[in-house]
Every structure is written in structure tokens, then in C-alpha cells.
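First chain written, first letter: the chains are A, B, C and D, and each begins at residue 1.
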Amino acid sequence: MDVTTLLILLLIGAVATLVSGDKLASKVALLFSLVAFGLSINLLLQFNQGTDIGFVSNWIANPKVALALKADGLSMAMVLLTTALTPLIILSSFGNSFNNSKNFYALVLFMAFAMVGTFLAADGLLYYIFWELALIPIYFIALIWGNGDVDERKKAVVKFFIYTLAGSLFMLVGFAYLYSKAGSFLLEDLYKLELSHCEQFWIFFAFFLAYAIKIPIIPFHTWQAKVYQKAPTVGTMLLSGIMLKMGLFSVIRWQLPIAPDAAKEYMPILIGLSIAGVIYGSIVALRQKDLKKLLAYSSLAHVGLIAAGCYTLTVDGLNGAVYQMIAHGFVIVGLFFAAEVIFRRFETRKIDELGGIRSQASGFTSMFMILVLASVALPGTYNFVGEFTVLYSLSQVNIWFAVIGGTTIILGAYYMLKMFQNVMLGETNTKVFKDVNVSEAIVFVAIIGFLLFFGLYPKPINDLVNPAIKEILAVINR
Amino acid sequence: MSPVLITFYFLAAFTLATAFLTIYSKNPIHSAIYLVLCMVSIMGHYLLLNAQFVAIVQLIVYAGAIMVLMLFTIMLMNLNKEDEVHKPRITRLGAIVVFILMSIVLITIFINSKTIMGEYDSSGEDFQSIKVLGKVLLNEYMVPFEFASILLLVAMIGTVLLTKKEKDQK
Amino acid sequence: MDTNLALLLLLSPFVGFLFNIFFGKKVSKGISGAIGTLTVVVSFLLSICFFAQLNQNGKPFEISLFDWIQVSNFKLDFGILLDQLSLLWLLFVTGIGSLIHLYSISYMHDDENMHKFFAYLNLFVFFMITLVVGNNLLVMFIGWEGVGLCSYLLIGFWYKNQPYNDAAKKAFIMNRIGDLGFLIGMFIIAALFSTLNYAEIKSAVTAGDANSALLGLAALCLFIGACGKSAQLPLYTWLPDAMAGPTPVSALIHAATMVTAGIFMVTRMNFLFDLTPDVQNIIAIVGAITALVAASIGLLQNDIKKVLAYSTVSQLGLMFLALGLGAYTVAVFHVITHAFFKACLFLGSGSVIHGLHGEQDMRKMGGLRKAMPITFWTMMISTLAIAGIFPFAGFWSKDEILMVAFGHNKALWIVASIASIMTAFYMFRLMYLTFFREFRGTEEQKHHLHESPKLITIPLVILAVLAVIGGAINLPGSMWLNHFLEPVLAAKHEAHHLGTQEFILMGIALVGAIVGIIWANAKYIKQGFVPKEDAEIVGFSKTIYNKYYVDEFYTFLIVKPLNGLSNFFRTTLEPALGKVVYGFGTVANGIGSQGKKLQNGNIGLYLFVFVLGICAIITYLFIAQ
Amino acid sequence: MIENILNIIGIENYIFLTVLLFCIGVFGVLYRRNAIIVFMSIEIMLNAVNLLFVAFSTYHQDAEGQVFVFFSMAVAAAEVAVGLAILVSVFRNLGSIDIDNLKNLKG
């Protein structure tokens, strides 16, 4: 069994959801996503036993494109993140009803398919195809099932689509050039390329545009907040939980090893930019009035830190970035879900209009609290492991990077707690807030359980990721 | 100066003159007549080069068929008047500039390329009599030849269609 | 076996937390309180066991539980270290913790969320134990942040009141500023020595091959961490606000245990600080100034808990003064005695507040001596202790600090002495206003005045006894604590012979304290002075009453600009950046509409361009080459 | 034919002639607005090229050039037929065949 099974399963799942009809769609989608999760666990077990679960086959003869899927620790970690979050995201939407839900859930599964493909692809063109493929479902999800005024939504979503697409096109140009040099799109061939200084700069820059927009690194983030706000929560979760990580993952997998000298040369600028994103995101988040927008900016701050970790080019930085990607993926999904739970009951996301929920729903409050604490990286949660490692790597590069990047733990605490106070605490709200139901509780508990368990025992993820990162670093330092 | 050369110069001058007049005359009928003369002079060139087949085809197709067609069209549209408004001066100036430019460019090319031309070949073999051409056409170029006929057929159908459709709509 | 016991010691409060959080609501309040208390008592008893064991064989107990975080140059395990220092801390944390749990059963009995209170309290004890028993800095950091979290939860325990929530938030965030310092300090140490384990750092530091500038920076960063947690200048403002929490919380977290974590950390890393004299000077100066500033603010506060809070800050300042002077044992000694009498004072004030149904303003108290005799006497003993009256516990510990200060720097000694005179004054002011003369509250309150129930008074009595005899652990002469801590602290002996100078200093300290008391007595008993209403306070006393406007200053300097910046970013920069992105679209649009004009349908023009193009191509292909 | 005629005339003369003829055609296309004249100019250009073909055919003593001329004439005939038909229909619609009036290609 190799990783193609997983991809095929997700694709079948999408089709099956599409034909299952509106009533069954959500359940069928959940079933398939759970099976996919099980399958990826199985794949992980095989991988850990040393079986090669990658897949290589020729696809197009000219230009030479191969169906190459590579499964190393890094991609397995990201695939698991995707397949673990997908059922949670689907489950989280059970409280909502969608028009044409069969299309909706099919798109969700299709997106999972594309994202898994992106994480696995070991051939430049194949990777690019998956990369762009992932954009299509989220475009429709955000456009059709989003909330708020249609025109505004359209504006935001189209901006997002064109913006990210435009960025990716630079990457495509980069790949085209690489192909002309290497005669193949295969990852290993591209790794072997000896590019001149100037070539590295341009390749790096082309890739950087694509990733900086996707991640997003300031000042390329302007699409983010609006889309997060306008998209349905499921879409927001997919975007923030997994899709952003595509950019970060690609930095590690493609950008750094292919153009390492450029990465080394521009390291201070890149780290500086990323850390500026941390500060900027945190400060903007301070005064946000919309819950989802606040979370969007918090996400901007967090991924800024992750990107900074990536660009340190140290084992710790890259490892920490991967940890933090996973941790952030879970926690941000949880937080957006909390926002959604509130919205389901109060029909508003304006922070001013909320408050006094704690006395009505202690269970929800506790879970929300834990998520908030995880997002501010309290020790004992997996986010701390990630943030600690990333900050440590930054301090290895330059202690000031760590100091400035570390302000995220102060500012993060500030805006998150402020938000929590205004949303949850205070005099009992006049409106009735029902505590979470079973399916909502499952989502929360799963996320929290994950974060706490690996926060105390991060070794399994470490053991999975570390060898792959070391391999990539060997390529970078070749 | 051999008579051949004199003939050539005469023909060349005639060709260029008529071609120029074709473009220059205001009355389309005159243009057409000058064009016929131009075609005929070109036929003269062909004869001079001893390309009988092409010469005859030139006469029949161009001087005959095409020009008659054109004349018919002109008369059909009642264009035999000198009512054409001239283009703005800038355009005319541009046209002249382009004319000169193009001439210089093309002549330069050919002068440049003359250096790689070899000796004049004069094996004395018959290569352009109608008989030989016929063989070449129907052996080596059979398929393109047939396609030419299809092309003409299509053109014919197209023409009919183009002109007829209009009538129906009216 | 020891491993299991150590685990039990650590996890017992956590079990209590789990029980209370999940089942607390289903069982009765008594059971939930009992379980909460019992689990802490278990920890206390186990601490005693380990303590006894350590006393027997003198060998610290260290185990590694599991691998935790791994980075490139070192691996951190989750390890437990039970040595002299951590056991000492454990003893008084769990001991006082047990008493306060006991106290809370009665104190919080009317609160609907009592089970949560106990859950948080248990969680706090758990994190505090983690902080203390960890064998490396990172485990300490878990506890460090964990206690910060519990402090947040407990300060904001009455979450319906938004100002309380603000106070909780403030505490958490100011602590986090310190935590960042702690983190950075850890990073530097990790980068230097590739380890965070105490023993390994110690051997590496003492080997002495590290860059001293970096080492100093690390020490400074750690001290910033300590400043945050132990409420030192300039990060102390959260502690007075933290009094918003229930009184047992103030007693346990914000007086006896959590705030001493900074001192614990500095003591733990004493070998590091010993090598960085500059940082030690900074610590001493910060400590002295904090002691003075906080004491002066305490002089004029009217909220009974606020007075105690500033007193705590001031006492912590004295402890840091001692730390800065390298007298770690003295600081630890003062931590312990302070824990006894300050916990007692807080609990006593809690008892008063309980008796007055939530009244905290001393202007509305008075004459409670007769109604609440036990509370009065226990508090009186503690007040004498904190004022430094012979032979109570505070006398011995404070006196040692003053002696050490005198030995190093006379200026510091003067500052510390002034601070302790002020301490004597405001503490007696508190006692006089609360317990003497006639009652100034409403008639209804007067009617309901009563002594608190047994569960409240028993801990008070125990703590008062400890406040009397606590000084015995390090009496000049026996110096038991000194000897006990010798293995942990770098062997740096202060010569503690009792000479004339020492006796004179003791005398001066005692006289100072008595002066303070007499001053208070004159003002509040003889003259019967009652502090004025807020509006009537003018002049310098208004500045002091308003805490030197430090909070306002911070708001003006940090919070306001930050919010302004946020607003600026949100309303101006964000749309501007968005416009830049849209700018690309606009430019493309513009090019399109200009290009549209080129595509005007004029065939002549097309042909013209076409021919020119041909010329150009031909020129390029055939001529230019 | 025993002697190559080009020995007398010289291929470069033909080149000059055809180039000039071609350029006259180009000039006509650009200069005139009457679509029929434009057509005629195009025919002139075609003829210029044809002439060059034949000249080179003689130069190389090879029949293929003339074969090509033959095809080119066939295409020209077809083109004229279709083109004129289009012109007729344009004339019917617009009442004029001035190419400046044909601006439907405007973007």
C-alpha cells in the first residue's frame, strides 16, 4: 500500500459525497474523512517500519513530468495534520445547514485531496498542479457559502483568488526555468542543481512571492482578514488550519533546498520580515472588533513566527516550524470553531455585543479557555513546544530576533485574554447560551486532547519530523 | 548591351510603372487596367526566363480570370468614379517612409545574401517545359495538387455562400 | 518506590484538580473542599517524608520521568529533583497550602463555584510543586507559567466583575513580560552550555569558560523573569490589583508562595548570579528601591488588602536586596518567615472581611478587637512579627537582611531601614484602624459582627504560632538553615559571629520598629485620626495615595501608544496596504483601457504596424546578426 | 536553351525588380483606402514573389520553384474570389468599401 491509496480514497470520497445527495452528504464526507485518517495512520505505521510508501511513475513524456509522491517524515506529518483536521472540520459543521450540502462537502474532501497531494508531491509540476487545485474548492466554498454581503464577499474572495494565483504564477515561472536547467521536474533532480548566485536569487524570489502570499508574510497579507471573515467557518478552518501550512511546508520542501545560498544571504531580511509580521499581526489584533478578524490577525502573527523559524535554516528552526505548524493548525481550528459556536447561538461575531457567556456555559468556557491558553503557548500545550523551539532557534541566529519575536507571548496574551474577557466573562448575558452539544464537544475534546498530550510528550512527532528535516538541511548545506 | 538585357530593362520599367500607376490612379477602372498591363509585363518576364507554363497560367489566371473578376466587382459596385477621399497626410507620409524602409531592408538582405550564391548553373537540361512540369506536378506534388483543387472548390462554395446569404436576409 | 512517592507528591493536587473540575459540581461543597484539602495534605506529608529522608542521608533525590523537548544541541527531560532547597520550599508551600485550603472550606462556603475554586487552588499547588521540584529550568518554566495561569484564574474568580477580570489580565500579562525575560535567559544559557539542567549548568558555570558578558545578560534576563513573578520594580503593579481575588488566594499565591518563585529561581541559579556581580548590584538596588517605594505607598492605603499587598511587595524587595548581596540563605529565611506571618495577616484580614460581609475599606472598620478576639490576637502577633519586634520570626530574618546590607553598603542599609520603619508604621496603622477604637460601619454590620468559624481560626492560630517561633530555624548561633542549605548554595560563608556591631544593629532595627509603632499609635490612637475620603486627599499624599501614578504612567507610556498604533494600523495602514495590492489591479486596468484605444479598428494603422513589425523582424533576423 | 538567361541579365537585377515591385505593393496597401485597390496591391506583391520564385527556379535550374508558383496562383485565385465576395457583402451592408469605415474590430 502506498500513498496513492490515500489520494484515491479522498477523491472517491469527494465523488461519493457528490452523488450521495444533500441529506447524507455530511455523513458520507465524515465517514470518508475518518477512513482517510485511519488510512494515513496505517501509512504512518508502515512508514515507521521503514517501508517505502512513496510512489513514482512516469506521466507525461515531454515535458518530462512524473507522478512522483514522496513520503518522508515531513510530508507524513503534514498529511496527518490534514487528514486529522478534515474529519474535525467536517464534524464541526454539523450544527450548520448548507444549501447544496453535497457540493459543499464534496469540495471540502476535494480540497483535502489537493492539499494532501501538495504535501506529497515530489515533482515540481505535479506539486504545482496540486497547489493550484487546492485553491479552486476554497474559492467556491468561500464564495458560495460565505457570509455577509455578497458583493463584498465576492470582492474579498476574488481578490484572494487572484492574489494567490498571481503569486503562484511566479513560482511556475521558477519551475519552468528550473526545468530548462535540470531537464526534469523531479525534486531530487532539482536538489542536485548547481545554480549560480543570480539564478538562485531569482528562483528564490519567484518562490518567495508565491509562498509569502499564501503564508502570508507581511506586506502580502491583505487578503487574509477579509477572507477569513467572509468565508464560512469551515472554509476559514481549512484556510488557516491547513492551507497556510502549504506555504510554510513549501518553504521547507522547495524554496530553501533549491536556492539555499539566496536563503542564507537574505536570511536577516526574511527573518526580519517574518518577525515584523508577528508584531504587526499582534498589534492589529489588539483592537479588532470582529472575532474572526481578530483570530485572523492572530494567525498572521503565529505564522510569522513559523516563517521566521523556517528561514533560520537551523535544525531547531525547521523542526520548531513544523511543530508549530501542527500546533497552530489544531489550535486555530479550535478557536475558529469556538467563534462559530458562539455565532450559532448569538448570531454575531462582534466582540462588543458578546459577553457573559461563562456563567451560562461552563463547559464551553473551559474548552475555549484552554484553546486560548494554547494559542498563547502556555507550557504543557504543544504550542509551547513549537514556540520554544522556534524562539530558541531565533536566539541562536541573533538574540534580538528572539526578544522581538518573543513579544508575541506578551502581545498574544494581551489580545487573546482581552478577547476572552470581552467575549466570555462579565455579567450574565441576557440571551441564552446553550452549552456545547455532543458533536461540538467531540471536536473540542479531540483538539485539546491532541494539544495537551503532545505538549507533554512531543517525542513521537519529533522522531517523525527530525530525520526528514536533517535530510533537507543536508541538501541546504550541500 | 545585348537585346535580352534591353528587353529586360524595358519590361522591368514597364512593370514598375504600371504597378505604380495601379496604385496611383484615382479611378479604380484605370487601376485595374494598369494592373492588367502589369500582369502582362510580368508574363513577359516569365517568357524571358523561358518559363512557358507559368507565363501562360499567369496570363489566364491573373490577366484573365482575376482581373475580369475585379473589373466586374468594380462595375458592380459602381466604383468607377474618382470619389475616394485621400488618407490624411501623415498616413501618406508614413506609407512613403515605410515604402523606402522596406525597400532598403529587403535590398540589403538580398545584397548581403548574394555572397553565398554559387555559380550560375547551366546544365542545359530541360527542367521547365510543360511536359517536365506536368510530370513533377502529378508525381511528387500529386497530393498538394489535389488539395489545390479542393481549395478552389471550397473558395467557390464560400464565395457563393457569402454573396447569397445576404440576399436571403434581405 | 521513591519514584512513585515523588510522583504522588507531584500529582496528588492534580488529582484533586481533576476531581473538582469534573465531579466537583455533583458532590457537596464539603466533599469537594475536603478532597481539595486532602490532596494537598498528602503532598505535605510526603514532603515531610522526603525531608526526613534527606536529613538522614543528605543525598538529593533526582529522577528523570520522560524525554520532553529536544533541540539540536541538547535534550530536555522531564525530571524531578528533590534537594534541600526544593524540599524546603515544598514544605512551606504544601504546609501553608494545606492550611489555606482548610481555611477556604469555610471562607468560600457560600460561593456557588466553590468546587472550581478548589480546582484552581489545587492546580496552583500542582504547578507550584512542579516549579519547585523540576530538575531543569524548563520544567521550572512550566510551573512558572502554570502558577501564572492559576493566578489569572483565581484573581478573576468572580468573573462577572469586569474590573476583577482586568486585574487578572494585568497580572497575567505583566507576568508574561517577565516570562519573556526568563525565556531569553534560558536561551542564552542553553546556547552557552547546551543544557538547562541545574547540576549541569552549575558544573559548566563553575568550570568558568563562558563569556561573562553573555552570562551577565542571561542572569539579567532571568532576573527580569523574577521581577515579573515576584512583583519587583518596574513590574510590581499587578500585585496590588491582584487583591481582587478571594482572600485565601491572596494569602496563598500573592503573599506566601507564588510571588516567592522569583526568589526561588534566583536562589536556584545562585552559582550563575555569583559570577555576575553587576547583575547582583542591579538586583540589590531594585530590591531596595522596591522595598522603599512599596512601603511608602502602603502608608496611605485604605483598603486593608491593598496595604498588605504593598507590604508584600516591600518585603519581597527586601528579599531581593538580600539576594543581590549574595545572602541567599537570608533571603530564603525571610521568605519562610514572611510566608508564615503574611499568610496569617491575609487570612486574618479575610476573616475580618468575612465578618463584615465583604467590606474592605479600613475607614469603615474599627473596634473589632472585642468582636473577633482570635483574629485580633493572631493578627497582632503577625504584625509584631512583620514589624520586626523581638523575638518574633520577622525580627530575626529582617534583622539579618539589614545586617547584610550594612555590611555591604550603608546606603542600602538606610533605605532598607526606612522601609522597615514604614512597615512598622503602616502595619500598626492597619491594626489600629481595624481593631481599635469604636466601629465606624453601618448599624446592620455592627449587629452581625462575630468571630469567624473554627475552620478559619484554626489556620490562623497555627500560622500565628509559626510566626512566633519561625525565627528558630536560623537563629544567630545555631544557623540551622545555613547549614541545611549549604549543599545547594555555593559555599560562600558570611562570617556570622555575633559581635558588638551586630547587637547595635539589632538594637537600631528594634528601636526603628518601635518608633514606627509609636508614631502610628500617636496618630491613630491618641489623635483618633481616621483617613479622609478620597476626594479630600491633596498634595503629596494624594500622589502616594494614587501609587505615584505608576499605573497611569504605564497606561500613558505603553497601553495608549499600543492601542493608538493598533488603531492606526487597523484603520490606516491595513487599507493602505490593501490599496497597494489593488493598485496592481488598477494599473493593469489602466494599461488595458489605454491599450484598448490602440485597438481602434483602423485597418490602415494595423497594416502599418504590421509592416513595420515585419521590417523589424527581418532586420533582426538577417541584418543585425 | 544552351545558355542560362541569367548569365546575361543577372539575378540581382531580378531581385531589385521584385523588391521594388513588392514594396510598391506594400505602399499601395498602406496608401490607399479603397479596398479593391488594396486587393490589387496585394496581387502585385504576390506577383513580385512569384517572379522571384521563377527567377530563382531558373537560377537553380530546378522546376520546383515554378511548381510553387503554380500553387501560389491557385491560392491567389481562391483568395481573390473569397475576398471579392466579402467586399461585395461589405459593400452591400455599408454602401462603401473604404477600409477606414471597417472599424468593427475595435476593441
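Quick note on the criterion: a residue touches a chain if its C-beta (ideal position, glycine included) is under 8 Å from a C-beta of that chain, and two chains touch if they have at least 3 such contacts.
Small disclaimer: the values here were computed from a predicted structure and weren't measured.
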{"item": "Distance-maximising chain from chain A - centres being C-alpha averages", "value": "B"}
{"item": "Approximate Å spacing (C-alpha centroids) for the pair chain A, chain B", "value": "69"}
{"item": "Separation of mean Cα positions, chain C and chain B [Å, integer]", "value": "101"}
{"item": "Interchain centroid distance [CA atoms averaged], chain A/chain C, Å", "value": "37"}
{"item": "Centroid spacing, where centroids are CA-atom means, of chain B and chain D in whole angstrom", "value": "5"}
{"item": "In chain B, residues with contacts to at least two other chains", "value": "87, 91, 94-95, 98, 102, 106"}
{"item": "Residues of chain C engaged with two or more neighbouring chains", "value": "604, 608, 611"}
{"item": "Numbers and ranges of chain D residues touching at least 2 other chains", "value": "26, 30, 33, 100"}
{"item": "Full enumeration of touching chain pairs", "value": "A-C, B-C, B-D, C-D"}
{"item": "Residues of chain D that touch chain B when the two form their complex", "value": "1-9, 11-17, 19-28, 30-34, 36-37, 39-41, 43-44, 47, 50-51, 54-55, 57-64, 66-67, 69-71, 73-82, 84-89, 91-93, 97-98, 100"}
{"item": "Residue ranges of chain B touching chain D (in the complex, touch as defined)", "value": "2, 4-5, 8, 12, 15-16, 19-20, 22-23, 28, 31-32, 35, 38-39, 42, 45-46, 48-51, 53-54, 57-58, 61-62, 65-66, 69-70, 73-74, 76-77, 79, 84-87, 91-92, 94-96, 98-99, 102-103, 106-107, 110-111, 114, 117, 120-125, 127-128, 132-133, 136-137, 141, 144, 148, 151-152, 154-156, 158-159, 162-163, 165-166"}
{"item": "Interfacial residue positions of chain C with respect to chain B in the complex", "value": "604, 608, 611-612, 614-615, 618-619, 622-623"}
{"item": "Residue numbers on chain C that touch chain A, as the complex places them", "value": "21, 66-72, 78, 138, 141-142, 144-146, 149, 152, 156, 159-160, 162, 165-166, 169, 172-173, 176-177, 179-180, 183-184, 187-188, 190-191, 217, 562-563, 565-567, 569-570, 574, 577-578, 580-582, 584-585"}
{"item": "Touch list for chain B against partner chain C, complex", "value": "87, 91, 94-95, 98, 101-102, 105-106, 108-109, 112-113"}
